[in-house]
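What follows is chain A paired twice: with chain B in the first complex and chain C in the second.
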Partner chain A sequence: MLVGAADVRRFIERYADLIDEHADELTELDAAIGDADHGINMRRGMHAVRERLPGAETPEAVLKSVATTLISKVGGAAGPLYGTAFLRASAAVAGKETLNEADLVALFAAALAGLRQRGGAQAQDKTMIDAFAPAVDALAAAVAQGVDGHGALEAARNAAHAGSDATIDLVARKGRASYLGERARGHRDPGSWSTALLFDAAAATLGGPVQ
Partner chain B sequence: MKKLINAIDAIVDESCEGVALAHPELVRFNREPRFLARAATPRAGKVALVSGGGSGHEPLHGGFVGMGMLDAACPGEVFTSPVPDQMDAAGRAVQTGGGVLFIVKNYTGDVMNFDLASELLTADGIEVRTVLIADDVAVQDSLYTAGRRGVGNTVFVEKLAGAAAERGAAAGEVERIAKKAADAGRSMGLALTSCTVPAKGSPTFELGEQEMEIGIGIHGEPGRERAALAAADEIVERIALPVIEDLGLKRGERVIAMTNGMGGTPLLELYIAHRKLVQMLGDRGVTIARTLVGNYITSLDMQGCSITLLRADDELLGLWDAPVHTPALRWGC
Partner chain C sequence: MNTAVVVVSHSKALAEGVRELAMQMARANTAVWAVGGTDDGRIGTSADAIRDALEQALHVANEVVVLMDLGSAHLNTVMAIEMLPEGLRPRVFMADAPLVEGAVLAVVAAASDDRADDVRLAAEEAREMHKLMSGGANA
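Moving on to the complex of A and B:
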């Protein structure tokens, strides 16, 4: 399996579409335990990302463009967090024209490391980490077992969804929901849901072959 | 939803334009990246005070730009922190060699975006210090939360640190005053109704006719508990007592007190609330040395109020009384 810059562009465009479709839902989730702006911000950010997306150069250039746009357009916590994730993802595939399965693992693992550093969240804090970390683990495990790109990304996607579902029963320890104590239990973390959508987009576009 | 707006996307820019048009002698508006800055360039070497945060809390922060308070304010989208480009550009625009002090309310997004801006400015040799405001006693400060939220004490810190900077204090001294004020102030609020975020178009939360939310945040975040609606005196007791106790105020001490409206509560009612606050402090032998009553840090159209108390000494009272001239606060000049 190999994917190129055009596939990475399709990944980002697919993510922008999914954010559009789910923006109201993300905002409703945020209204329950946060400040009711996650879908609004992500939609504004991904619209700006789509407008500025460069022509297909390299995966690195596409991902870096996404990062700088998110950091300079989104605000809130989501901008710096997703922006940092894409910036690290970009650096992880620097200089490569095409990406194989191992590159995809490196890309998403670097993104996760960036998220952890910027936000300081741990597993079970009821944040996007709870969807992102299991997705990266599943992706790496599948690739290590020789599963092809499609299968590995499907495993990552399923793990992201399961991780997001599991946030419903958690009490938050980071972000605005952390102020709610027990009252946050019973609600899905909105950041974990926008992360699950990110892996939906990846599974739909990054399985190869090069387009 | 009924709002006095033209278009949802234009709310923040058009409101900032209005501030600059109303007070051209005090502030100017920079559209891209978005910030409000003092119309007159401060004298060389003055420490530049830059704050910012989501919009929807007016007059905070743009209304406090001017002589004796902020040098620049960076408004984000409604309830969304500004982006690093804004603080970076504002810092460069207003710094005159004395360094920059960021005044940041403790919210995850604000902290991250100001951190990124601080990295950008520092990389270019501009000295940046940051003071975090975390005064909301409604939420626990522990390892298991994001720490206390920054609310009403932000107004006090901006005034006191602004006075120190205006007097010509160096960066370390302005930072000391800002931290002293941040440590000395505590707040708590309540909501009678939810706010409505324009881009969402419906109330953030539902409160029954006979309910109120105690410990509400300034973004409509839920608070400590939902309780049955009560008379003003009882409500004020429930939000003022935790503030008094958290500060550990003792007989003979002095405070600066603010009874603040959330945007949708008339002054008629705020003064009823303030009357009770004065009684409570009087009963405890605490002197209110200075007072603000009005809408200073709001939550769009929310009905409700908050109480902020700051333990004062001669140094802080002297800074409080120093002249200030901003769109929303003016005295002594």
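Moving on to the complex of A and C:
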């Protein structure tokens, strides 16, 4: 499988569509345990991202454009977090015109490393890491077993959703929800949900041509 | 000027209020910048706006100490420092301190011409300052 800049642009456009569709839901999740702006921030950021996409001609350039726009346009923690993730993803595919399965693993693993470094969250802190880390693990494991891009991204997507579901029972140790203590239990982490949507978008667009 | 102070809050009004309060302790050699809100005027923090304030502060002072409120204020301050030209980055210090008391202590130290690392330490002493003699709710 090989995907190019056009596929990466479709990935980002699909993510922008999903954020639009789920913006109210993301904000409602954030209202329950945070500052009620995650959907608003992400929608605003992804709208600006979409406007700047057409000029980007390589996977690296597309991802870098997303990064710098999110850093500038998203007011909450999601800006620096997703911005750093996309910046690291961009660097991981620098110089490549097309991406294979191993490149996709490198791309998402670099994004995860950036998130961990920027936010300092561990597993089970009730953050986007709880969806992102299992998704990257599932992607890497599937590719290592020789699963094709579609199958590997489907596994990643399923792991991201399961990881997000598992945040419902957690108490938050990072982010605004950590101020709520036990009262955060019973609510899904909004960042984990926007991360699950990111892997939905990836699974729909980055698997390469259907064999 | 040795050290300028930058106050970063999610709220523009809060940042400006903290600046106003801390400037009561200032002298002619003291400068405080207040940064708050997103670039479209909502509650939040903006890495771009913080970077602009840091650049302005470093234009008049050798070093800068940054005071921050909640979570993403710190994340966006780190981003802002990384956006600065490399030579400026070592001149910025973040204080791990409560915003209001930390800013007052930082301005007092900055007004005494302290270097940034001492201003930062002064601000961080705010964590140990108690308002009630006994520490009890009804004392």
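The rule is short, and it goes like this: the second predicted complex is superposed on the first by the 206 of 211 C-alpha atoms of A that agree within 3 Å, B and C clash if a C-alpha of one lies under 4 Å from a C-alpha of the other, contacts with A are read in each partner's own complex, and residues count from 1 in each chain.
The rule we apply is simple: a residue touches a chain if its C-beta (ideal position, glycine included) is under 8 Å from a C-beta of that chain, and two chains touch if they have at least 3 such contacts.
All values reported here derive from a predicted model rather than from experimental measurement.
Enquirer: Does the chain A-based superposition show chain B and chain C clashing or fitting?
Expert: clash
Enquirer: For A:190, is the partner it touches chain B (first), chain C (second), both, or none of the two (neither)?
Expert: neither
Enquirer: Quick one: is A:119 in contact with chain B, with chain C, with both, or with neither? Answer first, second, both or neither.
Expert: It touches chain B and chain C both.
Enquirer: For A:207, select first, second, both or neither according to whether it touches chain B, chain C, the two together, or no partner.
Expert: Touch partners of A:207: none, neither chain B nor chain C.
Enquirer: Does chain B (first) or chain C (second) touch A:27, or do both, or does neither?
Expert: first
Enquirer: For A:4, is the partner it touches chain B (first), chain C (second), both, or none of the two (neither)?
Expert: Neither: A:4 stays clear of chain B and chain C.
Enquirer: Report for A:71: first if it touches chain B alone, second if chain C alone, otherwise both or neither.
Expert: both
Enquirer: What is the contact status of A:176 with respect to chain B (first) and chain C (second): first, second, both, or neither?
Expert: In the superposition, A:176 contacts both chain B and chain C.
Enquirer: Mind telling me which of the two, chain B or chain C, contacts the most residues of chain A?
Expert: B
Enquirer: State the stretch of chain B that overlaps chain C in the combined model; pick it from 129-137, 201-209, 255-263 or 273-281.
Expert: So the stretch of chain B colliding with chain C after superposition is 129-137.
Enquirer: Share the list of chain A residues that count as touching for chain B in one structure and for chain C in the other.
Expert: Dual-contact residues (chain A): 35, 37, 40-41, 44, 71-73, 75-77, 79-81, 118-119, 174-176.
Enquirer: Provide the residue numbers of chain B that touch chain A in the complex, in ascending order.
Expert: 54, 76-85, 107-109, 112-113, 115-116, 138-140, 143-146, 149, 197, 199-200, 204-205, 217, 219-222
Enquirer: Going by the contact rule at the top, pick out the chain A residues touching chain C in the complex.
Expert: The touching residues are 35, 37, 40-41, 44, 71-73, 75-77, 79-81, 83-84, 118-119, 174-176.
Enquirer: Can you list the chain C residues touching chain A in their complex?
Expert: Interface residues on the chain C side: 37-40, 42-48, 70-72, 75-76, 78-79.
Enquirer: Spell out the part of chain A that touches chain B in their complex, as residue ranges.
Expert: Residues of chain A touching chain B: 27, 31, 33-37, 40-41, 44, 71-81, 118-119, 173-176, 178-181, 183.
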